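Next come two complexes, and both contain chain A; in the first it sits with chain B, in the second with chain C.
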Partner chain A sequence: MSATRIDDRIVRVDAMEKARGEAEYVCDIRFPGMVYGTLVRSTVARGKILSIDVPALPEGYSFITADDIPAEGRNELWMIAKDWRCFASGDVRYVGETIGILCGPDRGMLSYLKKHIAISYEEETPAVTIDEALALKGGPIAGEDNIMCSLYCEKGPKMDDVFRQADSIFEETLETGFQEHVHLETNSAIVRQEDGRFTFYISAQCPFYVRKSVSGLLGLRPEDIVVKQTTTGGAFGGKEHFPDVLAGPLLVACNKIHKPIKMVFDREEDMLYSVKRHPSKVVFRTALDKEGGILGIDGKIYYNCGAYLSASYVVLQRGVFHANGVYDFPATHLEGYGVATNTFPSDAFRGFGAPQTLFAIEMHLDHIARKFGYDPAEYKARYFLRKGGETVTNGHIVEDVKLPEMLEQIATASDYYRKAKEYGIGSGRGIGISFYNHGGAFTGNGEQAIIKAHARLVKEGSRVRIEVGSTEMGQGFQTTLRKIAANALGISISQIDYPNPDTSRVPDSGPTAASRSTMVVGKIVEDCAREMKERWDEGDFSVEKEYVHPEGHPWDQDTFRGDAYLGYGWGACIVEVEVDRLTNEVRTVGIWSSHDIGKAIDELVVHGQVNGGIIQSLGYASMEKMENRDGRFRQSSMSDYVVPTSMDFPSQEWFLVDNPYQWGPQGAKGMGELVFNGADAAYVDAVERALGVTVVKIPIPPEDIEEAIENAR
Partner chain B sequence: MAVRNYIPETLEEALELRRDEHAIPLAGGTDIMVQHREGIGIAPDVGKPVMIISNLAELKGIRRRDDGFVEIRALETPASIASSDIVPWHVRQAAARMGAIALRNMATIGGNIGNASPKGDLPQPLILLDAEVVVASVGSERRMLLDEFILGSKKTALRDDEIITSVLIPEKEFTHLFYRKIGTRRANAISKLSLSAAAVIRDGIIEDFRASSGAAGPKVIRSREAESLLTKRQVSEIPDIADDFIAAWDRAISPHAMPRYRRNTTSRMLLHFLEALQDETLTGIIG
Partner chain C sequence: MRDKVVFHVNGERVEFIGNPMTRLIDVLRDDLGLTGVKEGCGEGECGACSVIKDGKLVTSCIMPVGSADGSEILTIEGIRDTPKGICITEAFRDGGAVQCGFCIPGMVMAAYALLEENHHPTEEDIRMAISGNICRCTGYDLIVKSVQLAAERGGRLWQ
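Moving on to the complex of A and B:
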């Protein structure tokens, strides 16, 4: 067996078993005596529960509610904040809120019983949109003003002074909608007791999050609960915290009935009753000089958090920190507000708050550039951040910024400058461009202060086992991490094992989120592997290491000042479209991207991430419309909530620039979210140019383009 | 709760089951299985006996008849219809764009008609072409225009002892043809709006003009009133008639959701077709 090197292009280690259908998912697993669980949910967006009438349950069936949480437990799911209740009790705050879990052996009978549980409510007026919540429609949901969390950051001279010097002011409001994850495998979990401990088999990104979140329901410690991640068929953030919403009721029920319980959402449940990307509203007010140069940007950022804070404050922080995009403006003041509404709580989704503000700043600059007659690419390039440049949190960019080189790459490949001039505004053809970045890993010193990740390598004979809590969810981490280890050990990737994590056996390497796995966990594994290689002849042994925080990254989590991120991935994207003037259908004729991810650990994995991330972003911009009326999502299937097919965005030309990152394995930085963060704005820019319209809200399916055309008249 | 389901082996047996049990015919199941889904691990509950008719040889085949009709038997799939060279162009276009590849191999023309969704792909071009539908019951058969068979959204004239057996399309040569389906995306999509149009122009006279709109009202819409404004008129008169024609068509359609988009797009497509009729260099399929 020859040693695997980083630059070898290899077939993903999990490709065959998944392609053959051999991989075992939660829905494939059965245990003796296992029963099924189904959630009984609120059908109103806001109200008091007056009564719950449960029909006489046949033998072997039970209905479990908040009343079944033992005295030593607390009715809360711990997802950064602890406000999300496991079971609604007394009142309900959104459609789909869990009221109880019905358990029993036959799923047909469960469905029948579920239809016969009668819950009566005293309904109240819900606030569903950001505007409704800010207007306190129906009275406040959270606090006195529905603002669940807020922060600001600023740099440069005071805004009042900046605006006093302005020749003109450009103000606009930019909005983004809900987005559904549409992971191929729906949410699912099994709980049972094994050797006296509650044990989960669960489709999840973060097994250690699950045990931390639910253990308090029974007054237990996290380590009293075992979480075994099962092969996970996609997540995109939708299985970061949300599995807790399944695991909580399952745990309380298992504590009551002492049988294995399995719960698998069907697609409709997974669409209607799961977390979504935060809808956003960004108001930019920009002070301009006579030539349209930017003196300063004042931004107000609102995220629709839904009924519970849960992880939203951190999402909002990332949104605010990315709200000046890849640019160094002389002055900025950014305020972020997390707004409580009566919708299903919003939560993690690839990009984690960054895509919304990046979209807003990109469109805003496009609109200013067009107003003053500049090419958006040239206009934006004036403000590119450079090494040493100041970020919005008064930190500094510590790496070389390769954006000029990346712009050159994609502009040449796409023939951007010629096309931008030749295709007139409103000609039906358009080419658009965007730039974006993504701060790798947890914000500030979170990796050091909060996570303190551990990773372990175990040598048994000539084989080496990776023990981490990090998960494969389709993104390719099984391949990436094994490759890092094999490369550092100088052995073949086929000698490395990396079982799905079991929290009772592996150290906590932190959540598989925040584009941190390759950059942070990969580095710890690489360090372990280096030591193991030196001691290779010692026989069987293990090496465990803790994360070491790079020096020189000051951060104050109370004031949000300093280096918000250890390093950034950078991206540039060009999209070319032709719009059918009869139907407003947009045909994408070209997509060009360039990314700086430090170093690609596996080019095939990276290729998949680039293609997938860009297509997901283009879907977000063009067709993925999730509407919520009166607190109810209107799209409930994959035929009415459409995600792109390969016919919609058939080909991409992609580039990487080499820019090794000092603290990453082999120079790698995070990239899983970066590739989602910007193609949307390039697409919308292209459509705007093709039609001579201004778009301030995505998505823009043909019927919304119709509206933009009418508005332009 | 126990319901008997059947797999008849002949059309005769199926018609008897239909008469005696009012059994619901299931051919591809691509609508029934979705409409009656009950969740993972639970059998769909149709509420009535179901008979699986997928294998009835009598209901298969596409042929050109001697009487000027193309006959498509009810169990033919969109895949086979799309690849048949005797099926009229508009119908092949619609069949080729239905759903996903798997669906196009499972669904049937009989089912697509019987489901009577205003978004259904096949009824729209069939109604354009004055297609007729044949329905059978034990010992008898009826034949009527598809436009009359489909009564409204999800409503047809099918009686509970009848089965759709075939579709008859009058063969007709058109000098100008137009078909567009605007889906929710470029493939595997439900129709957001669709339009077919066709015309026969000879010696500067519009001998035949027709159009049909899908997903623009409770059923496929043809407006004979609007069409009559153009038929038998001179091509050179189109500029004078166009506004009245578009207005008449707009009155005929009644889109519920996204009305402005559906109305404006329909008008733009019809105008585009009318412009093509006036351009002597353009005949055949109008892009």
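Moving on to the complex of A and C:
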């Protein structure tokens, strides 16, 4: 067996069992005596529960609610905050909030019984949108003002002085909608007792989150619960905290009935009653000089958080820290507000708050450039951040920024400058461009101060087992991490094992989120592997290490000042479209992208991530419309909520630039989220140019393009 | 209404006794243990449950088992060890078509149905043939390339 090197072309280690249909997802697993569970949910967005009438249940069926939480337990899921209740009790705050879990052996009988559980409410007026919540419609939901969380950061001269010097002021409001993850495998979990411990088999990104979140329901410690991650059929953030919402009721029920319980959402449940990407509203007020040069930007950023905080404060922080895009403006003042509404809580989704503000700043600059007669690419390139440049949190960019080279790559490949001149505004053809980045890993010193990730390698004979809490969810981490280890050990990838995490056997490596797995956990594994290689002849042994944060990069989490991120991924994207001016149907005819991810650990894995992230972003911009009326999502199926098919976008041309990150394994940085962060703005820019309209809100399906055209008249 | 349905699944005779409106996917997964057939949406939109019925690609989540009466059904389990099935699954592996994998068995079935009919598909043919199969991970490019790879590698296999 020859040693596997980083630049070797290899295939994914999990491809064959998945292609053969042999991989076991939660839905494929059964245990003897297993029953099924289904959640009984609130049907109103806001109100008091007056009564719950449960029909006489047949033998073997049970209905479990907050009343079944034992005295030593608390009715709360511990995500980042502890505000999300496992079971609604007394009142309900959004449609779909869990009230109880119905368990029993036959799924047909369960759905019959579910229909006959009658819950009556005293309904109250819900606040659903950001504006409704800020106007305190129906009275406050959270605190006195519905602001669940807020922050600000400022750079450069004071805004009053900046605006006093302005020749003109350009103000606009940019909005983004809900986005649903639509991981092909719906949310699902099984709980049972194994050797006296509650054990979960669960489709989840973060097994350690689950045990921490639910253990308090029974007054247990996290380590009293075992979480085994099963093959996870896509997640995109939708299985970061949300699995807790399934696991909590399952745990309380299992404690009561002592049988294995399986719960698999159907698609309608997964659409209507799961977390979404935060809708956003960004108000930019920009001070300009005579030539349209930017003196400073004042931004107010509002995210619709839904009824519980979950991860929203962290999402909002990332949104604020990315609101300057890839640019070094002389002055910025950015305020972020997380707004409580009576909708299903918003939570993590690939990009984690950054896509909303990146979209806003990209469109805002496009609009200023066009107003002053500049090509958007040339205008934006003036402000590119460079190494040493100051960030909005008064930290500095500590790496080389290759954006000029990346722009050159895609502009040449797409013939951008010629097309941008030749396709007249409103000609039906358009080419658009965007630039974006994504700060890798947890903000500031979070990796060291909060996460303290561990990883372990175990040598048994000639084989090495990776023990980490990080998960494969489709992104390729099983392959990436084994390759990093094999390369550092100087052995073949076929000698490396990496079982799906089981919290009773592996150390906590922190969540599989924030584009941190390769960059942070990969680095710890690489360090372990280097030590193991040196000691290879010592027989069987293990090496475990904790993450060490590079020194000299201060961060203050109370004031949000300092180096928020040490390694950013950087991106540039061009999209070309043709628009049918009768029907407003947009045909995308070309997609070009270039990314700086430090160094690709495996080019085939990266290729798939780039393609998939870009298509998800194009779906976000063009067709993925999820509306909420009176607290109810209107799109409940894959025919209502349309995600891209193989026919919607053409094949992509893509590039990488090499820019090794000094603290990453083999120079790698994060990339999973980066590739989602910018194609949307390039698409909208192209549509705007093709039609001569200004778009301030996504998504823009054809019927909404008509509205933009009307507004332009 | 007849309550007995007789059909073949992966070459074996199956006798189903019960409500003929039972979804084919439930018979395949729950009764026959063919769990390579995945349920993604339950309404025929995503294609994860795709099987081949008498040579045509169908979504087993919206097909009552009664409509399978007298037919030949092929699932991923029935093709994966055949030369054609091996050709496609290996091409999917080598071409980087697989990420989370949940859509992939259905996608393999779609590729199989295409290549049986069209031995030299163009990119457009492939995109059309898999347009009923949703993949949220890959953006489709590498799946399309992998189907092309299977067509090239398979050569005479498909004729």
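Points worth noting:
One rule holds for everything that comes next: the second predicted complex is superposed on the first by the 713 of 713 C-alpha atoms of A that agree within 3 Å, B and C clash if a C-alpha of one lies under 4 Å from a C-alpha of the other, contacts with A are read in each partner's own complex, and residues count from 1 in each chain.
By definition in this document, contacts are C-beta pairs under 8 Å (C-beta built on N, C-alpha and C of every residue); 3 or more make two chains touch, one makes a residue touch a chain.
Computed from a prediction, not measured in an experiment: that's the story for all the values here.
Applying the stated contact rule after C-alpha superposition, one finds that A:266 touches each of chain B and chain C. Of the two partner chains placed around the shared chain by superposition, chain B and chain C are both touched by A:647. Looking at the shared chain after the overlay, A:27 reaches both chain B and chain C.
Judged by the touch definition given at the top, the superposed model places A:232 against chain C, while chain B stays out of reach.
In the superposed model, A:616 lies in contact with chain C only, and not with chain B. Look at A:582: by the touch rule set out above, it reaches chain B but stays clear of chain C. With both complexes superposed, C is the one of chain B and chain C in contact with more chain A residues. Legend: residue contacts after superposition of the two complexes on their common chain; A:182 is shown touching chain C, with no touch to chain B.
Of the two partner chains, chain C is the only one that A:18 touches; chain B does not reach it. In the superposed model, A:108 makes contact with chain B only, not with chain C.
The residues of chain A shared by its contacts with chain B and with chain C are 27, 266, 639, 644-647.
By the touch rule above, chain C contacts chain A in their complex via residues 35-43, 45-46, 48, 75-77, 80, 88-90, 92-94, 96-105, 108, 123, 126-128, 130-144. Taken together, the chain A residues at the contact with chain C in this complex read 11-12, 14-16, 18-25, 27-28, 181-186, 231-236, 266-268, 473-476, 604-605, 607-608, 610-616, 637-639, 643-647, 649, 651-652. For chain B in complex with chain A, the touching residues are 37-43, 180, 182, 184-190, 192-193, 258, 260-262, 264-265, 268-269, 272. Residues of chain A that touch chain B in their complex: 27, 36, 107-108, 111, 264, 266, 581-585, 623, 639-640, 642, 644-648, 701-703, 706-707, 710.
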